[in-house]
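The same chain A turns up in both complexes below, where it pairs with chain B and then with chain C.
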Partner chain A sequence: MTAAVEGLGTTHEPSVLASSGAVAWRGVLRTLRFPAIIVQSIFFPAFFLLVYTGLYRAVTELPNFPTDRAANWYLPFMMMQGAAFSGVGAGFATAVDIDNGFFDRLLLVPGRRISILLGTLGFALVRAVTVAFLVMILGLGLGARFTDAPLGLPLLFLGVAAMSLIASCYSLGLIYRVKDQRVAPMFQVGIFVALFVSTAQVPLDLATGWLHDAARFNPVTNILRLGRQAFLTGGVTWTDTWGGLVAVVATTVVAGLWAYTGLRKYVD
Partner chain B sequence: MTAAAHPRPSAVAQAVAIAGRSVKGVLRQPPQWVPSLVFPLFFNAVSAAAFDRTRALPGFPEVNSFLTFLLPATILQGVLLGATAAGNDAAVDIENGFFDRLVLSPMSRVSLLGGRLVGSMALGVVQVVFFLAVLSVFGARLENPVAGILVLVVVGALLAGAVGAFSVSIALRTGSVEAVNGFFPIFFAALFMSSAFFPPSLSGGWFETVASVNPITWIVDGLREVIIEGWVPGAAAKAVAVSLALGILAIFMATRSLAARIRT
Partner chain C sequence: MTEPILAEGLVRKFGDLVAVDGIDLCVAQGEVFGFLGPNGAGKSTTVRMLTTLLSPSAGTARVAGYDVVTQAAEVRRVIGVALQDAAIDPIMTGRELLKLQAVLHGIPRRISRERGDELLSRVGLSAAADRRVGTYSGGMRRRLDLALALIHEPRVLFLDEPTTGLDPTSRMALWEEVRRLNGEFGTTVLLTTQYLEEADQLAGRIAIIDGGRIVRQGEPEALKDAVGSPTLRVDVDPDHLTRAAEVLQKFGEIRPARSGRLAIGLEGGAARLAEVVRALDAAGVVLNHMELDAPSLDDVFAEATGRRLEGAEEPPAPVEVGG
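Entry: the complex of A and B
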């Protein structure tokens, strides 16, 4: 029987790239079929960008604030917030798949299981970049202006991609371990805390008390510093870049390991 | 004979029973009430530490800390988050058929609605007291504590009733938990487009215009005046009157939705 199956020549194991692509494409199709998913991902960053640029306009008048435009300060954060919540969306989608049994069927498909993780991350990345791009267009409409687009823009989108991967891996690692949809609110809570206990709202020098201390050690602060250079006075500098690059690599690797070992635990 | 053995309870007793059920229903599901306590406190803690230096900006109200400035925002945020539970409960009852059984019972229609709103208001009062207790430990100050607590509790209860009635109205119209939750961003947007988190006079531009016509701003400004300056009858009356007006409007909507639901 095995020989017969082998003889068919159609049951060979697909490459990791092909099966990851298939998983990612499924996510893209799901989004195209339910555009509400992408609308939801855009709503909160777009809404908060609109509100923050209006509400906290006067904050830029504080001494040493690195820009005179509120939109310049808040736009990169909102792009990364949108990317992070797109990553959380990957966790939600997997939670639904686990709940309705589709995930277990996916595990039975020939091919390496890591493709399931990589495909989900790939889909989250596509969604995150789309959301970030649309939020950026809105931000430019609200008055944000580049100070160093050629170098700053790639770094900004590197930060966006990193936030998407980190948030996806965090939520996937959690759902692989807990295997219960009811843990889903913890995806948002964890990401929300990580995002806001940083320089999300004001520069580190202007933050006071516990927030100043906590934000210093939060890698999100460095990733934001990296991404914001496209919009701040002075443009891109190595001083503001290297810490962000280290934070991107280190946090993505740790989050990736968290998700991968979670998947291994699920399979075992 | 049956009627004599089981006299029909008064409308008040019925409302109390429904309110008790509503409160117990919420308490049994921590995911429904924990975020409404934790999220506003977290946001207050982060924003107070982030924006404390903005108190030095010309035109910022004189206040001992940004934490105190944010007190009304924290309370309103908690109440808005918590009170939607009434609508969720009503939608769940409709989805699982329990609402139809309640309608078929000899229960008064007023109790059916009133009970849920009393439950919402009770939770609103608990939230206000909780927020005041926690934030006062971290430095929030009321110029006149007795007047401040009284006004905050009354406004908290009225707003919880208003939001509860609005969310129950949506539940009765749609019968869907998803639809009730879908309306939550409206409350959230109304709160952020107000003076809750920063003085609109400093923001200027379109934001100041929008905030000035937002009823939430009128409530927040009234509460803030009472918190910072002490007993100011005009400010207290403004906060209470606007909350009451929103409550009456929401109850009117909920009553019409209930009538429409019963007709179908």
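Entry: the complex of A and C
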């Protein structure tokens, strides 16, 4: 066994917080320089919100529909969709970094490599909250009204944050394993299915057939239920909250593990 | 003193493909070590293992005394790496990238600013420091890449094909910087290249790698001396190739040559050139071109592998006969 050379190098191992912050800072800088990065995340939720609140206004006339405003029903979903697409953007950005070799530069720094993942997630979170906030402003302009803002709004943004993290981790876990940009379309396919095979369109009681069964077990349904309470008749209740909290924690942990193990596999 | 780079039986497999097949390396303190080989020989895979970017399938390696698998973070603290293709974010400026690199290496802000400015000046990028990297030329990107690899003053520097795709002026400038780093700061450098001249110019010792194995290792001059006689290359009328080969093999062993040419190790050297020309003429061979070179690293590669190195540059100062 050869003894390690003492005193080599002039640096100290940076803290996870400092390294993560630096990675996140790069994401912010890139977005400011190249705003098109964020446009897609805003465009689709905003477009769908405009279309749905216009086309499906009559959905509120269904029996037992939990609100009399279509915008109240669709807005939380569109905010979460924007957050999810923002999360997928983390996967796209990493795919580009892997393709052009910049990801290797990040892997070569001395700190713990989880900082790369945490920094990427941190930036995705900032971007998701920004997108969700902008979509919310649009929704309020289209007629959405809070029924329980003090409790509902934090829960709504908790759902937004969770969707961002889940989508980020899903796409990152995939690209870390495949290491090829060509897997990128799968990011959106997976998130699209998870979002729409849920109570995106109608409440669970009004869904029928396979969609009802699939939506019942889809954790996105519970996260949506959690977030929608800010806008639905009756406001926030524990009944509609606990399932959402469990879904947020469980799905985020599973997705986080998927991404973390993917990062570890990357150098194997 | 601990060797900066020490590898024993290093292996890397990708499925059934064995990219690196049992490499042993020992690079001494303050040495510039050249890793020479064609594309796909296993140079970059070896560098990726030594820099902790890839886990070895078998074998061990220590860099600056730290194990590349179990002490990977310590290894990364003392190495600088400039990988192939100068992986640089085109949207950021040179100064921003240096700042990012400094933070990621835990360098305090004041020191990183001073060191960043000094490095930008040293690689001649002070004026372009606040421009986005996307506007840089290939040579500027390589120089920035080198600056990024040096921000934390590493003791061991890995340069993976640092001059591939560069124009001659940029290549020379980068060579100068490598010499300076090694000369002034004693930085140990492991340099991979497919350019014979680069290995010859920069490296104190080289390893020639082919098919994932090191086929020759030592000082360039010693390796060339071991080849022995100088190489005589002749270009004859295509119809006379067979006849010319029969004549030439009387003067030395046939060596690998590019398509349409013949080469031999000319026993007795330049003194026998006239004799060769007379013999070819007597056999009715039409001679288009002839050159005699002292053994080169290309000859070392050819002698070890039976073929010429891809991308090998033409040796200088040929002795021409006819047109």
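The criterion applied here is as follows: the second predicted complex is superposed on the first by the 258 of 268 C-alpha atoms of A that agree within 3 Å, B and C clash if a C-alpha of one lies under 4 Å from a C-alpha of the other, contacts with A are read in each partner's own complex, and residues count from 1 in each chain.
By our rule, contacts are C-beta pairs under 8 Å (C-beta built on N, C-alpha and C of every residue); 3 or more make two chains touch, one makes a residue touch a chain.
These numbers come from a predicted model, not from an experiment.
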Check your understanding: Looking at the overlay, what does A:111 touch: chain B (first), chain C (second), both, or neither?
Key -> second
Review point. Can A:26 be said to touch chain B (first), chain C (second), both, or neither?
Key: second
Check your understanding: Is A:18 contacted by the first partner chain B, the second partner chain C, both or neither?
Key -> second
Review point. Touch check for A:54: first (chain B), second (chain C), both, or neither?
Key: first
Review point. Thinking of the overlay built on chain A, is A:35 touched by chain B (first), by chain C (second), by both, or by neither?
Key: neither
**Study point:** Touched partner set for A:267, first chain B, second chain C, both or neither
**Key:** second
Point to revise | Per-residue touch tally on chain A - higher for chain B or for chain C | key: C
**Study point:** chain B and chain C contact sites that coincide on chain A, given as residue numbers
**Key:** none
Point to revise | Residues of chain A defined as touching chain C within the complex | key: 2-5, 8-15, 18-19, 21-23, 25-26, 29-30, 33-34, 97, 100-112, 267-268
Point to revise | chain A partner contacts - residues on chain B that touch it in the complex | key: 31, 35, 42-43, 45-47, 49-54, 56-57, 185, 189, 192-193, 197-198, 200, 202-207, 210
Point to revise | chain A to chain B touching residues, read off their complex | key: 43, 47-48, 51, 54-59, 61-62, 182, 185, 193, 196-197, 200-202, 206-212
Check your understanding: Residues of chain C touching chain A in their complex?
Key -> 1-3, 6, 51-55, 62, 64-66, 71, 73-74, 76-79, 81, 83-89, 91-92, 96, 100-101, 103-107, 132, 148, 152-155
